[in-house]
Amino acid sequence: MMTAQGPDLEVTVLENREILPGVHSMVFRTHGNVYADSLPGQFLQVEVSPGPFPVTRRPLTIDGLHGDDCVRVVFESVGSGTSMLAFKPVGTSLRILGPLGRGYELRPGGWLLIGGGLGAAGLGFLASRIDCRSVLLGAATSSRLLPLPGLPVLTATEDGSRGTHGLVTDLLGSVEWTAIENVAVCGPVGMMDAVIRQIPERLLGMTQVSTEARMGCGYGVCEGCSLPAAAGGYLKCCTDGPVIPAADIDWERWRGGNT
Amino acid sequence: MTSDIRSWSLWGRKFTSPVMLASGTAGFGLELLERGSLAGTAIVVSKATTLEPREGNPPPRLVETRFGLLNSVGLANPGVDAVMENILPSAAMLPCPLIVNVAGKSEREFAAVVDRLEGSSIPFGYEINVSCPNVAAGGVAFGASPETVDRIARMVREVTDRPFSVKLTPNEGSLTESARAAEEGGANAVTVSNTYLGMRIDWRTGKPLLHRSVGGYSSPAILPMTVARVFTVSSCVDIPVLASGGATCPEDILELLAAGAAMVQVGTRVMRRPDAAAELLTGIKNFLEETLS
Amino acid sequence: MTSDIRSWSLWGRKFTSPVMLASGTAGFGLELLERGSLAGTAIVVSKATTLEPREGNPPPRLVETRFGLLNSVGLANPGVDAVMENILPSAAMLPCPLIVNVAGKSEREFAAVVDRLEGSSIPFGYEINVSCPNVAAGGVAFGASPETVDRIARMVREVTDRPFSVKLTPNEGSLTESARAAEEGGANAVTVSNTYLGMRIDWRTGKPLLHRSVGGYSSPAILPMTVARVFTVSSCVDIPVLASGGATCPEDILELLAAGAAMVQVGTRVMRRPDAAAELLTGIKNFLEETLS
Amino acid sequence: MMTAQGPDLEVTVLENREILPGVHSMVFRTHGNVYADSLPGQFLQVEVSPGPFPVTRRPLTIDGLHGDDCVRVVFESVGSGTSMLAFKPVGTSLRILGPLGRGYELRPGGWLLIGGGLGAAGLGFLASRIDCRSVLLGAATSSRLLPLPGLPVLTATEDGSRGTHGLVTDLLGSVEWTAIENVAVCGPVGMMDAVIRQIPERLLGMTQVSTEARMGCGYGVCEGCSLPAAAGGYLKCCTDGPVIPAADIDWERWRGGNT
């Protein structure tokens, strides 16, 4: 039931690059090898300020590792916490707690990776650990598309500024399904829900989604991060997830927001 | 009851730290134990336990304000039977006492839950939560009426010889009257207090940011209100007052002890810093030494 | 009563700003007028006026907490006769309406003060302050009992045809019941609400930092509690709700309007920024324009 | 009853020097001549942070003017607000409200100036406007003595590290009283009270003291800054003072703190 979760580390910002407008890639030097065994899909909790506010940390997906002692995140500046983080110069020390949560189950067989917007953060990390056959990426416009160099990526943008003019689900028709035995989906709820409803039924049981919920602690004690469970009641995003078998989620309640 | 800010005890037991972990932000202490984060913790207060399992409220259950946190967890818990079977046995490993926080939908439910928990040797005592702001039935309403507090305390007293605290609401009614009612009803402490009703609305859409609209406000922003209430209540009851609300740094703990608290609970801070208790204790000791010398 | 966040009115009068100056932090508006700082102000609420002159509490009357302000002014004022003679005549120069905040030591005093004020043509209306946390007699105690609120409102209603608001306490009793009682008693609005009981203690000496120990907590830290209370009260009365507590930036005002407030009062912020109303109004208009377009 | 009070100005820190340990001299460029007519004993309200906290400004005595458009304060870093201010680098902009309050009534005739600790801030400014015959300065130790160059200063320190070993009142014996027609006193309450009780009675009516009280607004609207008045009730430090005739204060209530 419980999973030992990573420690609270004082780390140093080694890199802070704006890779897309408002989107930063940040590397933390951890002065140790705590993150060496972290799994794609796991996350960390960043204390964005040493001061009293904000009161809680901010959860960010592990986007990749650099050597033994560095971990990278990619985040968009959307509110108070992430905008403070975006301003941290190289050399700043801050605290991160992790790695946290359940990552992807790295099963054998070909994988299809589907990402929407910033949801693509971490897909490169996942791809490096599995047999990645195809990646579908969707975003509102080209400047919201995370680069995933070296991967077989198909792209859709809502404004047609890159790739197919449309939604990521419009790319499903191009997939060579026979090669696919696993699916990973991450992005906004609406996008994930649409994907789940359109992929071949035989793959539903093999589909893992990377979820998000407002988090408090991030390590299982506060019950803040609930997600509607298919079995009734709720799952905890932080310890039951964030990566969860698609079939375990009650999509109707989640999608509706009326959860 | 007031006490020396340098000596920390509760219910006949001395502690080497004044820091308790508040209900709902430390689980049953087991996740923290596994992390090695219970150093500096005098007592863990468990999350609320009810007679039946409770799913808790639909999300979003948490939202930050500029200077605090709103929660609307709604007493999510697996119910007292599951607590007895699956959780308390592991809690035997805790390096410190466990107080079980008990909630109920009806006046009788509190005593019923305590009665079941009497079957376990683990609880050091109970915290009777008559003040949760996040449930439709019970919650604040119980804590706001001294008569109800008195009745609930008496029913609990009847089923246990273990000590218990009544956790009061700062949102409605009279805190001092409810505290006196708890004492009369046989409580061995009062916890002052639970979260304050709070809310955020997105003015662009007019929509509340919590699913249940109103939630419980916690964080350092509420500290001065807890200090006032601990000060007032501790001068009008003879049982110990456990402070809860807004403690995040060592000076906060010392101020609450000076206001008359026997021990101080830390909630929201633990969500951000699992090692909060140890950090706080170090700071408290440093301050006390500086002042002694 | 809820309202459109883009249109601001009270008691049949339309305003070009939703910002009122709260009682006790703007005097009678005259110092601000002299400074040229009343731009953006819809209505000034005067400091509390009582039947007899009141010295107020011994100092210290103010102390800051890490995230807010505690005050214990204690209704210092020259009494209604001096207000009638020396202050209201000058208040004729104000470019906006004046609401006179009225306090009392006994239930009858409120109506007695209003009765005297009826002799002046200046007041746009009254704010009946049954919620001051900083006086021994009256204050919070009046506001906490719906029966008392009802009686006070009825007595005031009898002596004036001018509109009045009852300023309620968030510290004791039930805010919704008191709001309903005010409405039943004939009030034309409720002000939600006054300051929260708060305190600071120097733990080294054990001494409270305010002379009267407990004071009233204000500042941006209390905003989410005001939002919750305005939201709850405005859905259970038909008279306008005037929000008071924690508004310091344009988004705060918009959030309180979205919660159901007819107008929003600004207190502590004015002490720091005499031009607060104008600054806030500019911000509010910018936000509304951005959102419209 | 009311006195028009100075405006709220955005000013620039032109100088920030630590002149004694923990004591800073700070000059604000006001980009105008608002302070040109300010009187010794008047004060200004400094907004120490543009952020939400601290909630109120901090009152500081005007220590002097530099040319037409600059005003100087001297302050000790004693708490949250003043320590934030002490860290403001040259070039920082912040807001000051002033000049505020009543300064010294600049009467003709010889003056005796008596200052305790940081209370000496502003005495140089006062001396430049009146006929200053003698200045008595007291402090706990020499590093708490503000420099007052060019003035006839007698000094006492409690630890004997400079001047007379003792209190400022121990210097009263050395004053040539015949030349004195006015007295100005500023410092901690206890020190001012002791001075008042020991100066020749004929001067009591000619003694002005510079008071301090916890302030909210600083411009007369909040009733926060009360001082016990000899006539009963309270004076407002910010608009009735800060400089007040000694005879108008109820020293017993003020001294006792039991006010």
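Think of it as A, B, C and D in the order they're written, each chain with its own count starting at 1.
Convention: a contact is a pair of C-beta atoms (placed from the backbone, for glycine too) under 8 Å apart; a residue touches a chain by one contact, two chains touch by 3 or more.
All values reported here derive from a predicted model rather than from experimental measurement.
Inter-chain centre distance (chain A to chain B, centres taken as mean C-alpha positions): 34 Å.
Chain A and chain C have Cα centroids separated by 48 Å. If you average the Cα atoms of chain A and of chain D, the two centres end up 59 Å apart.
Annotation: 33 Å between the Cα-based centres of chain B and chain C.
Each of the following residues of chain A touches two or more other chains: 52.
Residue positions of chain C with contacts to 2 or more other chains are 66-68, 220. If you draw each protein chain as a dot and join the dots that touch, you get a simple line with two loose ends. All chain pairs that count as touching, in label order, are A-B, B-C, C-D.
Every residue of chain C that touches chain D in the complex is listed here, in rising order: 24-27, 30-32, 34-35, 47, 55-56, 58-64, 66-69, 71, 73, 76, 86, 211, 219-220, 248, 268, 270-275. Interface of chain D with chain C (complex): residues 1-2, 4-5, 7-8, 47, 52-57, 80, 97, 213-217, 219-228, 232-234, 253, 258-259. Within the complex, the chain C residues that touch chain B are 5, 65-68, 70, 144, 172-175, 196-204, 206, 208, 213-214, 217, 220-225, 227-229, 231-232, 251, 254-255, 257-259, 291.
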